[in-house]
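Here it is: the structure, laid out below.
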């Protein structure tokens, strides 16, 4: 197991958003967290990353406990994070947005500026542009590339397919597959089941802050009841 | 809602007021002078706290309105020897200036509001410093008489000596305290507190938020004016430093010291402020370092202020501190 | 049926981002409307435009036939347009009673009263107690609002929203962050208020259980536009809507 | 005409002290989002330290400046680690009050240690004397100050645009949570920025030692001038701070020449007008 989360309870102020989430990610897997808006997917990812520390429960990464650590420590141990709202550093250029990660995480590895540009060729053309001037889709790619520059062992993506055109979703699917082939494990939260089916091996379905269903994605997809109840309109 | 003070508190307050009235019988003139300073700072701070504790706006320019009150009163007393005219004139002048500047200031909140009030306060300071013909420049206005309090056809009271003037300060201060007490417990007071807690919520409850902020700003200016006007005849001399921004910090510290979420906080704070000063000054001329240390300790550990802590100890069921604290992310 | 609120060709952009594009929406009195759509679809922006928190870049807004496009928030509240918030927005340091008292005093034009105690406003307080009874918070009337449980705070939020006695009230995710039991309470309450007060509600919700069980009419938004609208049964079968929620464009 | 230009040059050298102090304030606000009321007091401490090493002990001028920067930097470190760090999440009114408490403490501390106004030491020999500019003697020292100010401006530009530390700071300023998530040690960046800003203030104070009177209470004066400049330039905007330092410095030089009476007043008028009309500052993008 590269990542184990046990009984995470997290909330903001007086409200509890996730009630005892447990999940595992095995090395080399792509795992998808599915569920509608507001189901608690983002909060789960933020708890793992240390951005919203859980009130109880524990998170173990490569056998070491990381619960309650600062996000930067978790990042330096090899967890990359791509938030749903992209959060590009707006006054750094595209190139600086990428390179800065290598500087601060100090993790040697397979990923380099060149390889990120190969993965997303459009970023090469934009390399001197400030982050603020990018379109939503371009920012999404930059956010993924930025996380890769830290050579993460585990890459966490929050709603990567959200707001992308079908063409871009296809690019994204290809990119994620290549990232996995390069030996990075992925944990993805998304609402888009069809997208998830195309990239992920296993999935968890979340609703109202708890996990309702877990299993291989094909199995989930075939379960009419599950799809209808937790995912469909 | 705890508006009506408990019986014990009422007895205590009645005794306190009685003691204040009897004070000149036992006190020497230095104590009287100190008592007047405390009363004046209390009024000043109460006004400040209407803005800060109740309406959520931190002003760093209140000394400007204080100075308008003081200079206004002094100018009138130097021309017409009637304390009544002087006080009313100073207060009205401060109120008008506060209203006019308030129209501009309440367009902002938070740090921008603080900076704006700082700028306007310092403009008043520079007028006091530089407009020699009117304000006497850095020499200030000297020889301000403690002229008799005269309401034509009603009464004339001589206030030339300190005891007599003490009663003027005491009565005006008590009236101001009473007025403020009624104000913060009125629908208007509730409205201001609501705006402090959530501006957008108040607006969506139907409150024209800016207008109400202007009302609070003007009243705070009036109170600063009352305090300033009372100071002029006490000191006989008024100089520009009373308008400087560092003078604006005095009501801030007094309020913080006493507590911002309890009505009496600023009064207790004003008392502590002068007591601390009076005691420390006996041992060392460096009393500000101690005051600074106290401010730091209060901010770090006791943001409710001394009176809040007392209230919590004595009446633990009455919440005075905000119940919602932001969770550390 | 006459339209209570009309948005005509309303647009709003933030820098490069078009939050709401050419939205035309009629809200008739007495129909419980739900607005749904994925994140970033522009639902909350529509509320902000309708209630005056934002000014539109283009288009016009009419309320009860009068143009209100450039009216301030509090003026719209006075005319009968109110809302609740997605993120909790109450007065945490005031008591539960005071929270609801403010809008009531405001409607009665009593907020400027400066020198008599709040307790003197007996009619207003009685009205607030009635509202607290309706939302089930009467026994907590003197508790500071910030100390209530999350669920009770959401109920209070609802109470503040209906206290101005609005003809039209927007509810932005009234059930967000609630347990299933609390959710049912809120739902029941909205239904009851709708029936008893004749307030027209427009809710923005993610919880489809809530949306389909509560509303008479559903507006689906996506990327700043109205994608579809109609009665729940019709929306449930709408292919385009299913795609937005299921991502069927992938297979297209 | 010549006298007008000459006065401008005098204003330029005044502007550089303002620039040094407001640069530090701007950087600290830009990254930490804290308005440091005690920033003027750091200027004062820098001046007193430089005076001690240079004026009292007679050590070399450069060494005195370096030691003054280190000493003030250490003070800044204690302020950030010991106090400010604990109150980042709370109401900004309390942050203002805390730093105000520092002013009171530092003012008296300076009085206790140094006892009031210090005697201005000699200008170091290699910077003494005057050049003839527009037929008048213009002090070499003022030229030196202008040079240093420009050097610091260029240096800061290079630091933030060309070095990785600078880029990390910019990233932290624009989104501290995301910076943390990519691996930036945000608490350490905060300390570093606060110390760096403190040292800039100290540089202003230390450089003024041979020419400017420094007394307890100067902190309160300097902070107001720094506020004026950062407000006009836009809170957190470094380029804006540089330009508005020049404007305020030169305007007040002409102000003292042409309308000595209302110079102070007009500067506050400018500050208020900027706040009302363009609260984001004159030079915001």
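Each chain gets a letter, A, B, C and D, in the order it is written, and its residues are counted from 1.
Following the convention adopted for this analysis, a contact is a pair of C-beta atoms (placed from the backbone, for glycine too) under 8 Å apart; a residue touches a chain by one contact, two chains touch by 3 or more.
None of these values were measured; they are calculated from a predicted model.
Trainee: Taking each chain's centre as the mean of its Cα atoms, which chain lies farthest from chain C?
Mentor: Computed centres place D farthest from chain C.
Trainee: With contacts defined as at the top, give the pair, B-C or A-D, that has more of them.
Mentor: B-C
Trainee: Taking the mean of the CA coordinates per chain, how far is chain B from chain C in Å?
Mentor: That gives a centre separation of 41 Å.
Trainee: Hey, how far is the Cα centre of chain C from the one of chain D, in Å?
Mentor: Going by mean C-alpha positions, chain C sits 49 Å from chain D.
Trainee: Mind checking the centre-to-centre distance between chain A and chain D? Centres are C-alpha means, answer in whole Å.
Mentor: The separation of the two C-alpha centroids amounts to 43 Å.
Trainee: Go ahead and note the Å separation of the Cα centroids belonging to chain A and chain B.
Mentor: Chain centroid spacing, chain A to chain B, equals 55 Å.
Trainee: Quick check: what residues of chain D touch more than one other chain, meaning two or more?
Mentor: Chain D, residues with two or more chain partners: 177.
Trainee: Residues touching two or more other chains, restricted to chain A: which are they?
Mentor: Residues 13-14, 51 of chain A each touch two or more of the other chains.
Trainee: Where in chain B do residues touch at least two different other chains?
Mentor: 324, 326, 329
Trainee: Which residues of chain D touch chain A in their complex?
Mentor: Checking each residue of chain D against chain A gives 164, 167-168, 170-171, 174-175, 177-187.
Trainee: Mind listing the chain D positions that touch chain B in their complex?
Mentor: 35, 83, 86-87, 89-90, 92-94, 96-98, 100-109, 111-112, 177, 220, 224, 227-228, 231, 235, 261-262, 264-265, 268-269, 271-272, 275-276, 279
Trainee: Would you pull the chain B residues touching chain C in the complex into a rising list?
Mentor: Interface residues on chain B, with respect to chain C: 1, 3, 179, 182-183, 185-191, 193-194, 196-198, 200-209, 212, 215, 261, 319, 322-324.
Trainee: So in the complex, the part of chain A that touches chain C is made up of which residues?
Mentor: Against chain C, chain A makes touches at 13-17, 36-38, 84, 135-136, 159, 161-163, 166, 169, 191-195, 198, 208, 231-233.
Trainee: Sort out for me which residues of chain C touch chain B in the complex.
Mentor: 51, 53, 72-74, 77-78, 82-83, 85, 89-95, 97-99, 101-103, 105-107, 110-119, 121, 142, 144, 146-147, 160-161, 163-164
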